[in-house]
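Given below, in the form of C-alpha cells, are the structures.
There are two complexes below, and they share subunit A, which is joined by subunit B in the first and by subunit C in the second.
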Partner chain A sequence: MNPPFWKKFFGPGLIGSLSATPFLLLMLFGFVAPLLCVVWFGLMPPKTFELLQAPTLENYRTIFEQTYFKSILWSLALAVATVIILLIICYPLAFAIAKIFRGGGYFITYAIVTSLFVSENIRLFGWVIGFMKNGVVGGTLAKYFDIQIDSLLYNIPVIILGMVYVYLPFMLFPLVLGIKMIPDPVREAAFDMGANRWQVFRKIDLPLSMPGVMIGSLLVFVLSIGAISEAKILGGQKVVTIASDIETEFTYAQNWPLGSALSTVFIALTMVVVFLTLSRFDLEKLLGKKSS
Partner chain B sequence: MQTSSINRRNFNKFLGAAAAGLVLPSRAFASSERAKELNILCWEGYNSDNVLNPFREMHKGIELKAESGTDDPSMINKLRAGEINVWDLINLNQCWAREQMWPEKLIKPISKERFMPYIEKMMPMFYTKEKGVNRFALSPDGTELIGMMQRFGPMNFVVNTKKISKALAEDEGLPMFLDPKMKGKFGLLAWDNWNVLHMCVASGFTPYKVHTPEEIETFKKTAQTLFTNANMIASDPAQLNQALINGEIDAIFSGGTYTCSVARAEGFNEVLHISPLKGPMDGKGSIQWFEVTSVVNNPKVSPLAEDFLEYVQKPDICHTVAMAEASHNPVSQMSQPAVFAKFSKEELNCFQWDTLEEDMNRSADYETIPDNDVLTAIYNEAKRSRG
Partner chain C sequence: MDISTALPILEVKGITKRFGKFVAVDNVDFFIRDGEFFTLVGPSGSGKTTLLRMLVGMEKPSSGELKLRGNRINELAPNKRPTCMVFQSLALFPHMTVGKNVEFPMNIRGVKDSDRRTRAMELLTLLHLNPYRYYDKNVTQCSGGERQRVALARALAYDPDILFFDEPLSAIDAQLRKVLQKELKDIQRQTRKTFCYVTHSLEEAMVMSDRVAILRAGAIEQIGTPDKIYASPKNAFVAEFMGEVNLLSIVATEPGKATWEANLNRLPIHIPVDPTLESGAARKLLIRPESLRFLASGEVAGNSIPVRIINEFLLGSRIQYHVEVVPGCNLTVERLREERTTATEATLGWEITDSQILES
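What follows is the complex of A and B.
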C-alpha cells in the first residue's frame, strides 16, 4: 500500500531537514560565507579595501615570488613536531588514565583541564619568567649549584616546548577516549594466547585506539599549524609562522587582499594535509561502523 | 571614487553592528538616543578605571566602554570594517588622523570654540601664537580641528647605560646597531611601523620620501643585518626591558620613553631612551610621536564624545593618563603649573623630563612613509629569512 499523500511532505525526511536547518544556516553564515569572502578578497588588487573590483592574481604572484614558503614550512614543521612529540608523551599517560589509574585518572584530567582556564599567553609568559636569564631556572641553578647558564629562550626547541605544553590536552583527551574503546577481554585473550606486551600493543592496543590517535593528531595539527604566540613570546620571533605573516598583512602592512590570499593558501594547504591523512585512514572503519 | 554601493565597508557594516550587538549593551541599540553611552577606542591609559570612573560619576547611568588597541593600523581597521557605527572617540598617533582617517571620512571635526582655549595653554610644540596649532591636529587645508593632543614622547632606541654610554649612543645614533660589534647584543622591538622608520634612519636616509633603487637596496641590507644580528625579537617592551636589565642585551632597536618608562619608574635608571644628535631628516636623527584623540564620524555619535575630550584636560586626569599602568608619558598640558604640580620628581624622571625638551627639539614628526608598502615587504622578507 502506498503511504498517505501527506507523509511525503510531513514525513521523517521533512522533520530531519527542518531540524538540520539551524545548523545549516549557522554553517552557511558563520563558516561558508566568511570563507568565500576571504577567498574573494584574495583576488582583489593589493592594498585596496573594496570587494567589487576586477579580480586579479597579483597577490598570489607576490606570495610565490617572495619567501612566504619559509613561514609555511616553519608552521608545518612545528605542527608536525608537536604532533609527534605529543603522541609519544600522551599515549602512555592516556593509557594509564584509561586503563590503570581508574579513579586517579579523574584527578589528572581535572588538573590538566584546569590549566585551560588560564589564558595561553599568561601561561607562556610564565615560561618566560622561568627560562629567562637569571629567571627561575637560571637563578636557582646559580644560587644553589653555582652553575651559570644563559637564557633558555629564543630558540626553536623552546617554541616546540611551548606548543607541546599548550596543545597537550587536545591530544590527551581524544587518546583517553580512544584507548577506553579497547575491550579488556580482547587484550586478556591476546595475553592468554601467548602474546607479549609489545605484540599486544602493536596488534591490539594501537589499532583499536586509532580513532583517538587520529582525532587527537588532527586536532593538534590544525591548532598548532595556526599557532602564533609560542614563536613570538618564547621564540623571540626566531622563526616567523604563516599565521604571524597573515596578521602582519592585515595590520601593519594594511594589505587585506594579500592577507586574504595568504589565508586562502594556508587553509587550502591545511585541508590538503588533513584530507590526505584522512584518506589513508578510514575513520568509519576504525570506529567499527563499517566492515572491511 | 566609489564605483558601487556594495563594498567591503558596507558589507562589514552589518558585521560590525552584529559584533557591537554582542559586545555592547543592547539598550544602546534599542534606542536611537545615545546620550548615556560612550565608546572609546584608544591606546592603554584612557581605558583605565582611574580615568573612566570619575567620568562615570559625572554622568550617572552612563554606559562607558573603552577598548585598548595594540597598534594604530589595527584600530583604524576596526573603523574601516564597519565599527564606525560603534565608536565615538579614537586615539591614535599623530599622522594617522590627518593622513588616513580624515581623508577617508572616518573622523569628524571638533568644536574650535570649545577646544582652542585648551590648546592655547599647551606646550609650545603643540601651540604657539606665531605658528598656531600643530598641523597634525588640523585638517590638511588647516581649516578644521580634527583632534586633541595629549601624550607624547621621542621614540628611537634604548640602551643600558652601564654597557653603552649616553654620549656614545647619542653621537652614533641608529647606525650604531649595524656595527658588527653589536651582533647578539641588542633586542629588536617588533613594532613594524617604527622599525621601518628607524631602519631608514639607520640606513642614512629619511623615511619620508619615495626611495631610489639604491636606497631600497641599502634598506634591504640594513633590515637583513638587524634581523640577523638581533639577539631576540619581541613585540612586548617589558620582555625586552627585562632582558636589558638582566644583561642579556645592551640595547633595544626601536624604543622610546614610552617603552622604557616603567623600568625607570622601578628604579632601573640605567635603562635610558636615546635621541640621536644628528641624522638624515633635515639634520635630525630622532623621531617623536604624540597622540591625537578624534571624534569618530559615527552617524549617531554620542553627545558625550566632546565632553570626554574636555574632561581629560583636567589636571588630575592629565596626570592619571600620563601615569598609565603600562607606560608613563609626558602630556601636552604640562606647561600649565596646575598640571605640572601633579607630578613627583620620580615620575618626571621616569619619562626623562630633564632632557625631554632637548630630545623633542632634536626630533622629526612621526609620519607615514610614501613607499611604506615596498619597505614593509622588504622588512617582512628579512624577518622571515632570519630563521
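What follows is the complex of A and C.
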C-alpha cells in the first residue's frame, strides 16, 4: 500500500520541503501573484483603480481597434534583428574564447563583464554624447577632417546598435559555454575523415553548439523584446515599442487596466514565440540525450 | 601473401618532435609494411601519442620525413591524407545516429545517398552489428563495445590506406577487451588494410600484431615480431614491459658465475657463459615464472635456493606463487595446476639455459 501523500512531506523529505519553502514563497508572492494581478487587472473597466469590479473585455477591444499592433511589431522586429546581428557578431568571438585564445579569453570575458557594472541607461547616454550633433564623433570629424555631419541619433540603426551593445554579454556567454562543450577529438575526427573547415563547422560545430545558440538567442530575444531605454534614449520617439506603450498607460495616461491588458497580450506573445522555438529545437535531443 | 616480405607503405625517417626544450620524439626511424598490423607500444610519456599524431598529421614534425607510398606527406593536413585514426575517446558524433556516423566520411566525399546507406549496412554487418537494429540507433545509447565497433566502421568507411588506433580499447573492461582485440585482428585480416595501433600494453600488442615497436623516452628500443621480442628481449626495460617476469640484479664474478644482489644479500648463482661479460659487470638476469620450479628432495637443477611460499593465486589452468628468497626479495613462479604444492618451505630451482643475461 502506498503511504498517504503527506508522509512524503513530513517523512524523510521534511528537510527538503522546508528548504524549498523560501523559494516557493518568493515565486508565489513575487512571480505568480503579481502575474495573476496583472491578468485580472486587464479585465477591469478602463481608467479605474479597483480590482473588485465585474470583469470586462473592454480593454482588449481597445487594443485590437487601435494601432498597438504597430508597437508590438516594432518590438518584435527590433528583437529579431538584435538576435540575428548578435549571433553573427558573437559566434566567431565565442569560438575564439572557447577554443583558440588561452589567457586572452579570460581578459575578454572580464572586460565584457566589467561593462555590466555600469548601469545600462548611463552607458546609453554615453552613446548619446558620442553621436549627438557636435558630439564626440561629429566634433572630431569637424575639427580634424573638416567634415560637417548632423546628429547620428534618432534613427532605427542606432536603436539596434544600442540593443546589440547592451545585450552582447547575454549572447556571448551562453555561446562560449555551448562551444566549449564540443569535444576537440570530435572536431579532429571530422577533419581527419576529409572534412574541410566549412564542413566541420556545418556538420559538427554548429549542431553541437546549438544548445548555447538557443539559450543565448532566447535570452536576448526575451530581454530585447521588452527593451525600452534604447528606443527612448537613442531613438527619441522615432519608434514606439510595446514596452514604452505599457509604460505610458501606467504613467501619463493613468489607465492601469489598459496597461495590464497590453502587458498580458505581450507576455502571451513572448511565451508563444519562446515555446514554439523550444519545441522546434529540442535541447535534450540536440545534446544527444534522447533518441529521435 | 606473406606479410614479412610486403613492401613498406609508410616510411618514417629521423622524425623528431620538440616542445620547447623537451624532446618528445627523438630521431625515430621505422617503416610500416603494406597490409601489416603494426603496433607502437610504450609506457605513458614515451612519446607514442605524439608520434601517432605526427603520423596522422595533427602535429607537425620538428624534423625528419614521412613518406607514404614514396611521397613526402609532412606538410599534408589530416583531411588531405588518405589515413584515418580511431581516437582513444572514439570521437563519435553524438548528434548523429550510428548509420549517419558511419556514413560521415562518404557524405564528405559526396557519395550518393543510396550507395552510402548500402556501404554503411555492409560495414555494420562486418563488425557484427545488426544493421537493421543499429542503423537508426543513437550513438549515445550504444554500449562501450558497440561504440568501438561503430568507430571502426566509420574509419573503414573512409577507406584509408592506413588506419591508426590511439589506445581505443583502454577504457574497456578486460574481458570485452580480449574479444575486441581478436575481432580487430580478424577485421584486419579480412579487409587487408594496414593497421597501426598504439597501446601501453605489450600484452595487447603481442596478441594482435605482425610487428611491434617498443618506445622508451621518445626513442625506439626494439622492433620486431612478437615472437622475436618475446624470445630475445633486447634489455631489461623490454623484458619488464612484457609483464610478470623475474629480473635479478647480478654482478658477474667469473665465467658462468655471478652474485645475485637480493636486497642487500649476496647469493652466488650460476649464469649462462658469456665471453663478452667482464668480471664485475652489473647485469639483469631474466627468468620467466614458468621456468622456475619447486624441486623434490634429491632433484638437481642448475641453480637451487631455499624459499618460503608466501602467496598462491589460481589462474585457471595455472597457479602463480609468490615466494620469498630473502626478506624483501620475492620471485614469481608459475606452475600447472597438477603440480600444486601446499608446502610453505620449498627449494626453488631453474636451469641455467632458461635464464638470459640482459643489459639493464
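To be clear about the criterion, the second predicted complex is superposed on the first by the 269 of 292 C-alpha atoms of A that agree within 3 Å, B and C clash if a C-alpha of one lies under 4 Å from a C-alpha of the other, contacts with A are read in each partner's own complex, and residues count from 1 in each chain.
Throughout what follows, contacts are C-beta pairs under 8 Å (C-beta built on N, C-alpha and C of every residue); 3 or more make two chains touch, one makes a residue touch a chain.
None of the values given here were measured: they were computed from a predicted structure.
*Asks:* Do subunit B and subunit C fit side by side on subunit A in the superposed arrangement, or is it a clash?
*Replies:* fit
*Asks:* Examine A:Gln254 and indicate which partner it touches, taking first as subunit B and second as subunit C; both and neither are also allowed.
*Replies:* A:Gln254 contacts subunit B only, not subunit C.
*Asks:* Could you look at A:Met132 and tell me whether it touches subunit B, subunit C, both or neither (first, second, both, neither)?
*Replies:* first
*Asks:* On subunit A, which partner touches more residues: subunit B or subunit C?
*Replies:* When the residues of subunit A touched by each partner are counted, B comes out ahead.
*Asks:* Looking at the overlay, does A:Ala189 come into contact with subunit B only (first), subunit C only (second), both, or neither?
*Replies:* In the superposition, A:Ala189 touches subunit C alone.
*Asks:* Once the structures are superposed on A, label A:Pro22 by its partner contacts, choosing first (subunit B), second (subunit C), both or neither.
*Replies:* neither
*Asks:* For A:Phe49, select first, second, both or neither according to whether it touches subunit B, subunit C, the two together, or no partner.
*Replies:* Once the two structures are laid over each other on A, A:Phe49 reaches subunit B alone.
*Asks:* Once the shared chain is lined up, is A:Lys238 touching subunit B (first), subunit C (second), both, or neither of them?
*Replies:* first
*Asks:* Classify the contacts of A:Gly103 with the two partner chains as first (subunit B alone), second (subunit C alone), both, or neither.
*Replies:* So A:Gly103 meets neither subunit B nor subunit C here.
*Asks:* Can you report the vertex angle at subunit A, computed from the C-alpha centres of the three chains with subunit B and subunit C as the arms, to the nearest 10 degrees?
*Replies:* 150
*Asks:* Superposed on chain A, how close does subunit B come to subunit C by Cα atoms? Whole Å, please.
*Replies:* Taking the overlay as described at the top, subunit B lies 45 Å from subunit C at its nearest C-alpha.
*Asks:* So in the complex, which bits of subunit A are touching subunit C?
*Replies:* Subunit A reaches subunit C through residues 183, 185-186, 188-196, 199, 203-204, 207-208, 286-292.
*Asks:* For the complex, give me every residue of subunit B touching subunit A.
*Replies:* Subunit B reaches subunit A through residues 2-4, 6-9, 11, 71, 73-74, 77, 80, 187, 190, 192-193, 231-236, 239, 242-243, 246-248, 373, 376-377, 380-381, 383-387.
*Asks:* Name, in rising order, each residue of subunit A that touches subunit B in their complex.
*Replies:* Touching subunit B from subunit A are residues 37, 41, 46-47, 49-53, 62, 66-68, 70-71, 74, 128, 132-134, 150-151, 153-154, 156, 232-233, 236-240, 245, 248, 250-256.
*Asks:* Mind pulling up the subunit C residues that touch subunit A in the complex?
*Replies:* 56-58, 77-79, 84-85, 87-89, 91-95, 97, 104-105, 107-109, 136-141, 154-155, 158
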